[in-house]
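First subunit A sits with subunit B, and in the next complex the same chain sits with subunit C.
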Partner chain A sequence: MKPKDRRAGKLLGLTGHMQAIRSGIEHIFKPRMTVLYPEVLQDLGPNYRGMLKLRIDICISCTLCARICPSNALKMVKVDVRKYPGITYQRCIFCGFCVDICPVDALEMSGSHDAACYTLGEQVLKPEDFSKDPVIEDKPRVKPLFDEKRGLRYESC
Partner chain B sequence: MNVVEQLLQILLSPTIIIPLIFPGLLTTFLVIIFIAWFERKLTAKVQLRYGPLYVLKSLGGLPQLVADLLKFLFTEIIIPKGSDKKAFILSPIFLFTLSMLPVVAIPLSNSYAAFFSDLSLLLVLALLTITPIFMLLLGWSSNNKFSFIGSLRDGYLMMAYEIPMFVSILAMAVAYDTLDLVQVVGRQSSGLWGIALNPLAAITFFVAMLMTTARFPFDVAEAESELVIGPYTEYSGIIFVLCLGASYAKLSVLSLFFAEVFLGGWNPLIWPLTLNPILPGVAVFVKGLLVMGLCVFMRSIYPRFRIDQVLKLGWHTLFVLSVASVALSLGIVWVLGF
Partner chain C sequence: MSEEQTLELLIGPQHPGSGHMRLVAEMDGDVILNFEPNIGYVHRAVEKIAETKTYVQIIPLVERTSLPDTANHNLGYVLALERLLGIDAPLRAQYLRILLAEINRIHSHLYGMGIHGNMIGSTTMLMWAFGDREPFIELAQRLTGARLSYSYIIPGGVRRDLPQDFRNDALKALSYMERRLKDYDRIFVHNPVTLARLKGVGVINRIDAARIGVVGPNLRASGIAYDVRKIEPYCIYPDLDFEVVVRDEGDAHARLLVRIGEIEQSISMIRQILGKIPDGSILADRYLDLVPSRTRFEKRSSVKFPALFSGLKPSKGEAVSRVEASRGELFHYLVSDGSTHPYRFRIVTPSFKNLIAFKHALLGQKLADIPAVYGSLDYFPPEADR
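Here is the complex of A and B:
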């Protein structure tokens, strides 16, 4: 565009408005960028720091996880004679320090982070509940991919 | 039997049907439900989101506003301690009623109108100019700084839109040589609609209409990021719905007005079809809905203007455009000799 034309367009302020309206109409016909979350879940990848699981059979009760925990989410709870870690998800920040420091790899992280509960009490897990598998919902999953044209694109997997 | 017939005659007379049923209160209520959903859904689509969805999923969340209204209905109405109580409660009611009132002057066909007048074009605009007073009153009576600033901004906005709006309608009145809406539509029966006859006036009136109803580029009065929600900050419950509904009611009335003045009213329909008011009424209504859809589309593409930018637009651009449209109309009359 020549400078003169640009000045004429600026005077009427029309080119900008036309561009805005055109891009708005173009966007109506583009596919959506969001995922319908509770019905379709995003695939979280293999090393995702999700909810924790304790393997109570190999835990040696060294208390290192409870000591390293920066938010005091892990605490040692007495079961029979020995103490095992219990967790409260009200505090957990999913930093993964406890998994890293565990000398026998008794703690592992799962690919689920949907820790929604109806009561606060449900978020406090004793060692016996902590050693159960976190609920991973069986829903269609999609994988986010980087797309040069659109930015994000989802592919079912 | 005679009594029933008389009662039916009264109920089916345009003086009852137009203000209360179509296109008055009841239809406006349904239109508000539809258009508020459409606004949110369209904005969501432009921003690549889903928008309202979970209320009746098969219809894409269409009754979302019904659910919202139910919620508002059961919300407690709180009247602040320092407020002017009578003005606080009454001004939203007057605001909504006066926003709806101009609908009585809008005819639906040659012979079907609530109020026949030689000056119906002026009457619609004159009734619309009363509403900003109640906007100021409700902002002042709330005794809240956000409400007060918001309503003052609404007053400023009125300075920006009112004169261009009237002058652009003056241009159409000059071009049609009448102030009667029935005759205005009659003049467009040749196929040369107002928007083609005088596009300058149409653009000016459309932008002024966006300002009147505080639609998106011009919602400086209720700017959420600055003023909570402007003049309505202290309101809650069902009177808050009245405040919000007033701007949509105004939009619906003005869209019908736009359809009659610039989009030919019931015009593609010819003589035998216009005898029954249903078809022409629907034609006007559909055109009005299209205009309304265009108005709410502006929300998804424009950011909010500053108040000084709005005033500058009103006085520097719209006023000049509207005066130019009067000149254009005079030229048209001179050349075509209407």
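Here is the complex of A and C:
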């Protein structure tokens, strides 16, 4: 490399560094896309495939949900004389196939996905427990809104 | 000991810097003489498990081979299955499929770039790229209901229609991304540190790239304009106007630039799709007729599966499909014996084909170049191991 080229290369490197530093400094003052989880929860929207709920009064015990379940999370369990689906969240992958195949809309998905439990047994739900509403934590929620300048902007709701 | 000896250096299989695999490098001082990636640490026997599941149950399974790139894997499998079933998706469903595939390509490339940045010490790039994935993951979530494991594409169509306001939200996210690409350019892509680490490092020349069978952005960075979306177009790619991004240098930096170029192309493709997506059904009539009319999708946001989906029986035969996943050409091969389970299922993933590039790109390089080249290949071990 000739001395002149070397000097030009150094100058180019210097401007590159300066641009990078300027760009970084600019972003110190820009607001960020951050949700302070778990103090604040993100609203997951109406279509979110979260934890499931069975409406046992509508269920016709057709077993289609248990048959399509890809991870064997749903199983038919005997209650009195008929069988109804029970679920284990140890296996559920939240694909929502069971909801979409149910011919009478007896299964529905909620906007909650916090399936954490203290014991493994709590994640196995019999049909009676499965037909209760999933626990939805009472915490402040924010809704993501799209923004051209910031990407996502979170507004409390 | 006076005799000079080479050193066999083991890197990994613990994650940082090596991925879920072990790298065996034969070193002469600081120079790599021989390089052997030792894979298989995240093998999950996806192909064998698939033989025990029904055809629709395999959809979530094939996604698990590559979680950053689920939509393309889902699409590839469903295209093969549709060929076995002899069914075509309606036009609107095909547009929605490619819409999701391109959203997925953007956030998958961002994932790769972020990891690459982290590997060569630019933590800013990691944070920015992972942060900027969020708008696209949020878009995909509004469309499909899940953040990564979409399971959105089903035989004969897709599961959900475009939500209200999706078009506006998507356009905002796209112009945000365009703005951010300029920031990336200053802080990472043309940063002198990045240039010094990546320029001329890990070169795979044009002839070698073709000979060893590298695919995807890694192949296009070596000067070969091979893209399944152009060579063997599927779904609606013939109707879309896009370029195959090619660079001639073949080094780690060229591979980075190709990915940036592909993000720009995907942005333009999503704009075109949103502009000309036709109205109509999103599930093939053959399946729609089997669903009770009160649960048809016109009355709800998602389609109802016909009961038939719990035990689809394609006729005897075999089918293949090729799609361009984010990391390259993805190949699915499906053999049916007429029962509810596939007789044989084979996936050839792009990462598996790109693995051999390690051996070629790293010979004669310095030890410190391993992460730089590893990141530039955007290799995803779970995808290669299946």
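Simple rule for what comes next: the second predicted complex is superposed on the first by the 145 of 157 C-alpha atoms of A that agree within 3 Å, B and C clash if a C-alpha of one lies under 4 Å from a C-alpha of the other, contacts with A are read in each partner's own complex, and residues count from 1 in each chain.
We adopt the following convention: a contact is a pair of C-beta atoms (placed from the backbone, for glycine too) under 8 Å apart; a residue touches a chain by one contact, two chains touch by 3 or more.
Computed from a predicted structure; not experimentally measured.
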| item | value |
| --- | --- |
| Comparing the two partners subunit B and subunit C, which touches a greater set of residues in subunit A | C |
| Touched partner set for A:Ala20, first subunit B, second subunit C, both or neither | both |
| Touched partner set for A:Leu36, first subunit B, second subunit C, both or neither | first |
| Which of subunit B and subunit C A:Ile101 touches, first, second, both or neither | second |
| First, second, both or neither for A:Ile28, with subunit B first and subunit C second | first |
| On subunit A, positions contacted by subunit B and by subunit C | 13, 20, 23-24, 27, 32-33 |
| Subunit B partner contacts - residues on subunit A that touch it in the complex | 13, 20-21, 23-24, 27-28, 30-34, 36 |
| Sites on subunit A touched by subunit C in the complex | 12-13, 16-17, 19-20, 22-24, 27, 32-33, 44-49, 62, 64, 67-71, 93-97, 100-101, 103, 105, 109, 144, 146-152 |
| Contact footprint of subunit A on subunit C as seen in their complex | 53-54, 56-61, 124, 131-132, 134-135, 138, 141-142, 144-146, 149, 151, 159-160, 163, 168-169, 172-173, 175-176, 179-180, 183, 186-188, 190-192, 195, 292, 295, 301-305, 307, 309-311 |
| Of subunit B, residues touching subunit A in the complex | 42, 45-50, 53, 297, 300-302, 317 |
